[in-house]
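A short worksheet on the structure shown next.
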Amino acid sequence: MNYPIWDVGGLGAGLVVAIIAIIHVLISHVAVGGGAFLVVAEIWSRRQPDGQRIRDWLHKFATFFLVYTTVVGATTGVGIWFSIQLASAEATSLLIHQFVFAWAIEWVFFLGELTVLYLYYYGFKRNTPRMQTFLAGAYFVIAWGSLVVINGILTFMLTPGAWTLENKDIAAGFFNPGYFPALLIRTVTMFLLAGLAGFLVASRIRDEEFKARIIQFCVKWVIPAAILVPGLSYWYFTTLPASTVSILGGGTVGVVGGTLSALTRMAILAGVAGTLLVVGTLVFAAYPKTVNTIAAISMLLVAQLGIMGAEFFREMGRKPYVIHGVLYSNGLWVKDAKDPAQLNGSYLEKAKWHGGVAPRTLAHGEQVFRLQCASCHTRDGYRSVVYRTRDWTPEFGSRWLGTMQDMGVMPPFQGDALDKAALVAYVLSLRGETVDPRDLVRDPQATAERNGLDPGGRGQALRGLEVAGAEVAQ
Amino acid sequence: MSTALAMAGVLAAATASGGGLPIPSPDPLGYPVPPILLQALSYFTLTLHFLAMNLTVGSVFIYLWLRIARKQYDDRLARYLRDLLPLGTSYLITFGIPPLLFVQVLYGQMFYSSSILLGFHWILVIPLVVFLYGVFYYQKLVKNPEHPGVLLLSVLAAMALLGVGFFFVNNITLSVSPEKWMGLYAKSPGGRNLNMDDPTLFARWLLILAPGFTVAGVAILFRGVMMLKWGLTEEGRHNHRIAVSVAVVGMVLEAVAGVWILSAMPDDLRSHVTSAGLAKLLLGLGTAMASVGLVLVFLGRYKASWAYPLMASLAFFLALAPLVALRDVVRQEQLRPFFSLAEVPVHTQWGMAGLFAVFLVAGLLLLLALHMMVVPGLIAGRRAELRESA
Amino acid sequence: MHTVPEEALKELPPADKALGKLGRALLARFPVWPIVDFLRNKKVPEHRHAAWYMMGGLALFFFAIQVFTGILLMVYYRPAEPWQSVQRIVMEVPYGNLMRSIHHWSANLMILTLFLHMFSAYFMKAYRAPREGTWLVGLALLGLCMAFGFSGYLLPWDDLSFFATNVGLTEMEKAPGLGPWMASLLRGGPTVTTDTIGRFYVLHVVVLPLAVLGLIGMHLLFVQIQGMSEPDSFAALPARQKKHKKFFFDYFASELPVWLAAFALLVALSAVWPRALEAEADPFGAAPLGIKPEWYFLAQYQALKLFPGKLEYAGMALMGIVPLLCALVPFFDRAVPSDRRGTWIERAGVALLAGFVVLTVWGWIS
């Protein structure tokens, strides 16, 4: 309500962040891992009798590397920044005001990494071997340094640790409980992806003997990482906040998730992806000459699916907060939510971005939807509200809004009975029902008793309400 | 019913006064250091960003023109500019990050609001940058850069660059116009707004782009000096002639843009810029140094001396910096009815600021040392290549 | 007892080793050395269209997953209590939901891969003589797999299943002549009831598997006997330049990662988007808003909507003519690639593909 909302129909602003972030994570991790790869390849190439041929291949790798880490990698990183300020300006503002100098330090690393890479690349044929190796090494250290910094800010969001809005303890917030596990996982993932990228570039080599040697070189990067990453994830999991664990552990009751909690599904995906990577890489190791571009891309796909899956579940566990325990995803501060006067007062009067709507109209309901719900839900697309409320009656809806925070994944509703009525009317209108919001506040108690409590009455388990480990008031 | 009317009345009344404007409250965390420090850092890095951006913009347009003109030596100069483009783009992005960061720290509540209202147009900057950056690398690495398809891509990339600037100018101007916000928000929830009814918008757009020719001109001046020093005199003189022409073109366009923006401003703002102490000083300083720079470019014509392009670069830096500061002075004046930097509390993080300073100095020293070790070899190599192909 | 051929004796491990003894014993009882030798030396051409050539194997991989997960689901599925048994699978049976989700996603991926396989075979003209039979069997397989999808969709007996099947059968009924009879046969009566489940279930787990396995066998047998078809660019190369890979295990080693990626995709989709079970079907209830058939039927569904009222028959005719023309393509296109007829066939293929994609997307968004 402090900020306007970017209402991206069908997708939701959050998915825009996710799409850009998925691209960025893949490329940035390859970029840093690739740095380590370059250092080792530099040293290795000078020890081989056919060093020149290896260096020619390395130059091709470096070209590919330079172009896509800068053109797509760096820009999508900035892209995440652009998209988060659109999706969640309040949270972005908090992060920037708390961590501006951390970001500034990261920028120094960013500047260094880029410049050193240029010196390495443009001096490829002219620099002395020692300088080349030094530059590659410097690139890796600096690029890894940028991860060291951004990791603090990222992990802070899910596990702020001892930081509070009052104490503003930046050290506690930066070196939070999730920091070191995440740092380790990401670093190992970087080596994994660097090796897989190496497969891809190697698959284009025509000379089969030479290709085989490069493949064997890359295999040593992939297999240990593929085994370690799922294992390290367990360490990360132990640092997650209790509510996140209960969301993931409870999973989704009702017929959608079934007996498999989100956590189990995540573990299965991680385990399967890791195992398949090891198996595939062993096949590469046994038959290196047969590695073609499709096979290399397939392995990258397996890794990417594992990573995307893990990130998807992490995001699931983040709800309802964007900064855990401090700020809900829709811009409501936890401290305000704890104050009944703030929480239950008229929303339209408090919301700065009320859009000039008149109260108790569908426009009022739409504004409430946009400012409180649209940060996570779309009307009829991703996380569809229409789907989730398909069995709502007005009375049930209004009452449900009053207890939705008990689900664990939802913030509390901010507003009074008028706001609830307007929102319910709007939501019902999305599926074609015309409900006048003014009718809904006349005598909610009597109407509820008249219409009975069970909406569908078909004895089904909780349809349309994907809930984590909690019961909906019946 | 009467309650509804009363509420509507309340809302109407609230919107009428300035207090009803949907200006978000500043972040509860406040500023990490006194704002003047953040502003200073912001001016410095924004100047570098503008220089890199201008270099890129000027280079791509001159490159396109040279590709069409194709007189003697034009091709080699075109190749030089073409090879500069990816580097220019890298640094315009890299130096663009700190000012964007600082504007969000200092004016976040204004900037985020206008960004969200711009919505799609704002996020469109990212794919546009990816596209133009990719094209610049592509045309540098592709085997046949003369192919008409590649030329078409270059044209599109140049347009994309202009587009990015356009969206930025829209955002910046909208961020200081909160009276427009509610209306735009109600009109386009999906964020497809622009700020084209702002009278200074297009002037501002030209204002930031015009120096491109001048900065590219200095880059060409550098090349000309290199040619002269390597004994390629004809080529050096050719380069210098072009350098002077484009530098003048840039200055003229910038002057036009300056007059345009001043005339498009509201009267009180204009008088503030042209007569109030600090603003007038900055404007005067900027204009004076720009003139000095232009004179230096002219004086450096046909001379095989690094002094002229180096001093011209310094002069243009010193011209741009005060103008960048002036930009912020104007912004604060425009925001005066709604917000001032002084009203935000400062919760200092001197430790972090100090740590940043240490990293910055160490990083710059490292990069300087590496440049000194690597770049001479690169130049020698390039000289050999050019000599062979001359 | 048969004599083991000389060649075989040379290739087998020595007679004193366990494997050598085993090999000799088997070959003496089952004289299959020619087959083993054939497989040993089987070569696959290497060219830049390799990706498309993997589609058939990938579809087979997904089919194998279907069989495996299908058998597991059959353990708990009860046609007499369809919805309840699926609910039990999803909510109580350990990993039941995972198996069910994999079964659902693999079905969709299998059909998608089959379309890719068919279209790539079409555009690379793999149907030309002597491979007409392979093409016809392949088309039949595509049809049967879509029938698999249709029959399986009803089995959970939830809202979505019931009404989607209803929609499909209603369309079928409109076909002149055989339409009503076929629909009635499938339904076991005038309307979709639990009797229909019995029929669909038998189709899905007995009739179709037998037919499909038989046809897959034929399809693969034809390919083995006739060898892999070569794309024109490859066939035009001089013999020296044609590169081949041995199937066991070089080609297999490069194909396996693709299958691994396909498996990873299946698990990812099933983990992140498990298949939902809607409310139990209520034949007297209202159809869910915007009920449609599954995506692979959307193109036909949308196409039929373009022929309202009396024009319906034209639409139906089109539904019959298009597959018929596809089947007859090998008999049209016999000549060299530069032949005029060849170009028309390519254009027709592009039109069909484009039409299919456009209609499917249109059907989805409307």
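Each chain carries a letter (A, B and C) given by its place in the written order, and its residues are counted from 1.
Simple rule for what comes next: a residue touches a chain if its C-beta (ideal position, glycine included) is under 8 Å from a C-beta of that chain, and two chains touch if they have at least 3 such contacts.
Just so it is clear, the model here is predicted, and its values are computed rather than measured.
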| item | value |
| --- | --- |
| Closest chain to global C-alpha mean, per-chain Cα centroids | A |
| Chains linked by the largest number of contacting C-beta pairs | A-B |
| Distance between chain centroids, defined by C-alpha means - chain A, chain B (Å) | 31 |
| Chain B and chain C: spacing of chain centres that average the CA atoms, whole Å | 57 |
| Distance between the centres, which are taken as Cα means, of chain C and chain A, whole angstrom | 35 |
| Footprint of chain B on chain A - complex, ascending | 2-9, 16, 20, 63, 67, 70-72, 74-76, 78-79, 81-83, 85-86, 89, 92-94, 96-98, 100-105, 107-112, 114-116, 118-119, 122-123, 125-127, 131, 135, 138, 165, 168, 170, 348-349, 352-356, 358-360, 370, 438 |
| Chain C residues touching chain A - in the complex, by the definition given at the top | 50-51, 54, 87, 90-98, 245, 249-251, 253-258, 260-261, 263-265, 267-268, 270-272, 274, 276-280, 282, 289 |
| Interfacial residue positions of chain B with respect to chain A in the complex | 4, 7-8, 10-11, 15, 22-25, 27-32, 38, 86-87, 90, 93-94, 97-98, 100-102, 104-105, 108-109, 112-113, 115-117, 119, 122-123, 125-126, 129-130, 133-134, 137, 141, 181-182, 185-186, 189-191, 347, 349, 351-353, 355-356, 359-360, 363, 366-367, 370-371, 373-375, 377-378, 380-381 |
| Chain C partner contacts - residues on chain A that touch it in the complex | 255-260, 265-266, 268-269, 272-273, 276, 279-280, 283-284, 286-287, 289-292, 294-299, 301-302, 305-306, 308-309, 312-313, 431, 456, 458, 460-461, 463 |
